[in-house]
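What follows is a pair of complexes built around subunit A, which joins subunit B in one and subunit C in the other.
Showing the complex of A and B:
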């Protein structure tokens, strides 16, 4: 008697659980899972100029291999990724150490530090576009007052990628800082005390104790930033749209333009699936690295 | 002894100098944007740039007069509030079930979607929404932005639900409380602050999101972020109005973030750091 009652309650409980999670699951299937399957299918299709579609097999993927613009985009994406990630990790860790030693951090200071990455990347792009204007921008005025040569910044094919990396690093280094600061605050203080008693110098303490203990946190920050950096879009699209020429045509920008400017949906699908594979590959690689440096 | 004290003081000074330097680098561009938005038009493009000027609201007036700025702002508000509400509506019960059952694949699936480049979804969405004539509709925009808000809500709330002791739920079950009632009556009040943080983060990231509205909106439903592109196009000498637009677009997320900055850190890192 009580057994049946218990099963009844359990069945009811399962039913309620299913009902509670159903909206999120149905939404995810409809807006994410089904579209991704659809993109995979689109990647095997080709669309004629009249909009007639036909099965193309692997044609979109073989086109990828011989597409100079794809390889250029891949190179630009990786260059931007490496440059930005190194800048943000180095300066992020440095700033975290500075803040950590400042001990009590007033709320207003914390607000100032999170303000760059809370604002839309599009706004960051707009403001830097004005500051870095080659002829009237404040940045070149400062350079010239210091006796340094002015730069064409985003108008220069050579400097556009380093400049975009600088803008993104201005926006997201404080984010890395907050993650690393959290890691620093959770380290056991006994470690430092032991090092102090042993008479270790500040640099030695950092190199031998703090850095190894922080590595898992730093790798976590690297994962979170990599996801954004490999699919870099907003700041470039608002400032250069991939230019000058194709100098900042990252894979995400290229895929977007192939899809929505040239309306080559089949080829754009193949491009975006390739980029997605790159992003998830990087996440998995960093995840293994995190496992290797865990303590 | 005095040597040690001196070194200590010296290190503290060095630290302060670095702190100020970092603060100046972080703040200067934003301050420059706000200053430029209040400059008279002839001074915005002055070279060498001026620091002292008579502030004016001309740029803001011009912005609202020459562009449909306010209707773009309304569009942004509709899409952001709608997608945040949808994210909470779907995300709160889902996070509760994931926390209770430890069946985590729905949460992981939404996170994976968050990591994929947006263009991956935008291509099929565009084809699908066009077939049902929904390009340019608020519905399409809200649905697409809910893909941003849903994982934020789920992942910010998971640790909050996990923190509730199991015994609380078990006691309620003994009293004959169903799962839905436990969520509604017992769990929700306990995670109220987590819900507030997740709602604000969802709002900020939905407001800031650029890509989807770029393709899925039309002239009537364009969000501020997607319209920012037009402000730039309207002549590179209109820097004053451009900076006024940038300032106004950045204001809502900055104000919201400042209000809850203390609780934001753990939410922003999807639980990677206990803030």
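Showing the complex of A and C:
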């Protein structure tokens, strides 16, 4: 076969491949692009409470600046994000180390440890709502049996965010554990052998070898959890609906209510796009951090 | 005089002809007219729709139509409806609606089909549209258009434990002050139970609070302005929040009907102010069947002005087959179906069904059912459907009412601060109306 003929065959193959994959590519791009573009467009519209729509320019975004509820929601979102992420990373790494070293632990016990994140958040929310009910729940019964004072849990404006962070951490710490466990299994044994020969203590080995080598994995887990935590919705929706008062009214809950309960779809879109920008910002920051700690 | 005579001479024959033609149309009415069609029903998965859908097969057999049910919990149902209606989609033909909550808003948005003509002309012989609660039909009429047909009648009523009242030497309360005095006494007489419970969850508060406000003599709007800071408004805010704060369960700010029913059914509350619809749930297991008394909420300075609402069935304005959809609405709100639903504990919005011998027999089986029906009779005759502000943004107004009450339960504000903040936000909403 001549060179020209071979080139023609290659070109034809490329064209055929492009033609075959085009529908899937177009469909995927459209499915991603359409909702985003539509939401951007909605963010420039205003809807009266009767559903009448008109062009609003940047009004929805300028309204954000003076909206006390928006700033409150942003603060709640960030507080919940930081508290939950710290809890999940600390306990996730700790649990991964326990499981990694407990080689003889039966498979069923390992599965039990990591099972909460397989539970639908709605079920988890309902379950904890019952357990933490200040009047009927088991949590206060246990506290009082131990001679401790009962708590109002999610009915207290002070304790609602720590309580919701605890519920989310109960559910998602095992997910971090799984990721870190994978990272631990891929660490080079030679480094540990060298540390053992040098007589390094267990703590020093963890501090100087395990933790630095695990950092890229931990940052990856942090990125994955950050996206979910900044969009925190389901457990709050099931348990407190943003209350008591506005004490757990995250940006996502606020946006949902503005859009679907008060029918202001334009302002809700602006809120959600702002939240999306915050999520992107956090992911980019963590990505840069990941690059800095890579080995 | 001449004008009156002329009007009488012209009007009477016209009315007579209209009546005769309506009768003729009723005689021509054919349930099988839309055989083969599929009607999609967006339902709130509550006891009302659950009772109705027990008879889904009967509708399909009667009409030859297929009923496709799209069922969700209340908030999710509204979320789906908003999406569908904003997209001008015809995927929903019939949906459940609460006229007292979203009626103004949905009517202004043009989401309701106009049922006025169909309810007059397209009816089976035994449908009897005039037999439906006139108050509920009026509450579902916006701008002269009938927007939904009532499925049930309901409102918050007062549940109390007769055994605890007897033990503590208390009589059934006649006034709101009696309720508070009873709560005070029960607190010392039986410390194992919560003296009083009602709704403390922010969006749910308006349902029960409105009854208290109206009994005390308050109104939501006076001279075009929000009036929570009026003397009566403040009294209602103070009394409602004080009852829940001083005599309610810990965590009451997260309480809606599920928690209240569970607490009362479990024997851990002496008084509960909750929906009449919860009777079935409260009586589950039979533990409360013999020790519960039921009343409309005790009187305030303005007497008893109970909150009376009902779920309605509306035809979507985007439906491509409103006539077929109307057949489903008509069947679901017919005397026959409403009688069957009543026997499952769904209070009928038809006085004739409430008088039906079979229904009366069911009621007479248990004293608590008799008291329930007596309370419903008061709701039907004296009730107000005003739950939250009578404005287009009614759902949002409920948020601010709830916020003011929660601020007081949690002692985060004084009554003056809470009502002033609420009035400011509510005046802004009223101005948008």
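Operating definition for what follows: the second predicted complex is superposed on the first by the 260 of 295 C-alpha atoms of A that agree within 3 Å, B and C clash if a C-alpha of one lies under 4 Å from a C-alpha of the other, contacts with A are read in each partner's own complex, and residues count from 1 in each chain.
Here is the rule we use: a contact is a pair of C-beta atoms (placed from the backbone, for glycine too) under 8 Å apart; a residue touches a chain by one contact, two chains touch by 3 or more.
Keep in mind that what you see is a predicted model, and the values were worked out from it rather than measured.
Subunit B and subunit C, once both complexes are superposed via subunit A, clash.
Touch criterion met: A:48 reaches subunit C, while subunit B stays clear of it. Subunit A has more of its residues touched by B than by the other of subunit B and subunit C. In the superposed model, A:116 makes contact with subunit B only, not with subunit C. In the superposition on chain A, contact of A:212 is made with neither subunit B nor subunit C. Of the two partner chains placed by the overlay, only subunit B lies in contact with A:32; subunit C stays clear of it. Touch criterion met: A:150 reaches subunit C, while subunit B stays clear of it.
Of the two partner chains placed by the overlay, only subunit B lies in contact with A:131; subunit C stays clear of it.
Once chain A of one complex is fitted onto chain A of the other, the partner contacts of A:262 are limited to subunit C, with no touch recorded for subunit B. Overlap of the subunit B and subunit C interfaces on subunit A comprises residues 129, 133, 135-136, 259-260, 265. The part of subunit C that touches subunit A in the complex is made up of residues 75, 78-79, 82, 85-86, 105, 108-111, 194, 201-203, 249-254, 259, 262-263, 266, 268, 392-393, 395-396, 399, 403, 406-407, 410, 412, 432.
Against subunit A, in their complex, subunit B makes its touches with residues 11-12, 15-16, 18-19, 22-23, 25-27, 29-30, 32-33, 36, 45, 47-49, 89-91, 93-94, 96-98, 100-101, 106, 109-110, 112-113, 115-128, 143-144, 146-147, 150, 154, 178-180, 183, 204, 207-208, 210-211, 214-215, 225, 228-229, 231-232, 236, 239, 242-243, 245-246, 249-250, 253-254, 256-258, 261-262, 264-266, 268-270, 272-275. By the touch rule above, subunit A contacts subunit B in their complex via residues 12-13, 16-17, 19-21, 23-25, 27-28, 31-36, 38-39, 42, 94-95, 98-99, 101-102, 107, 109-116, 118-124, 126-131, 133, 135-136, 138, 141, 170, 174-175, 178-179, 182-183, 186, 202, 217, 220, 224, 227, 230-231, 233-234, 237-238, 252, 255-256, 259-260, 265, 268-269, 272-273, 275-276, 279-280, 283. Subunit A contributes residues 48-51, 129, 133-136, 140, 150, 152-155, 157, 239-246, 257, 259-263, 265 to its touches with subunit C in the complex.
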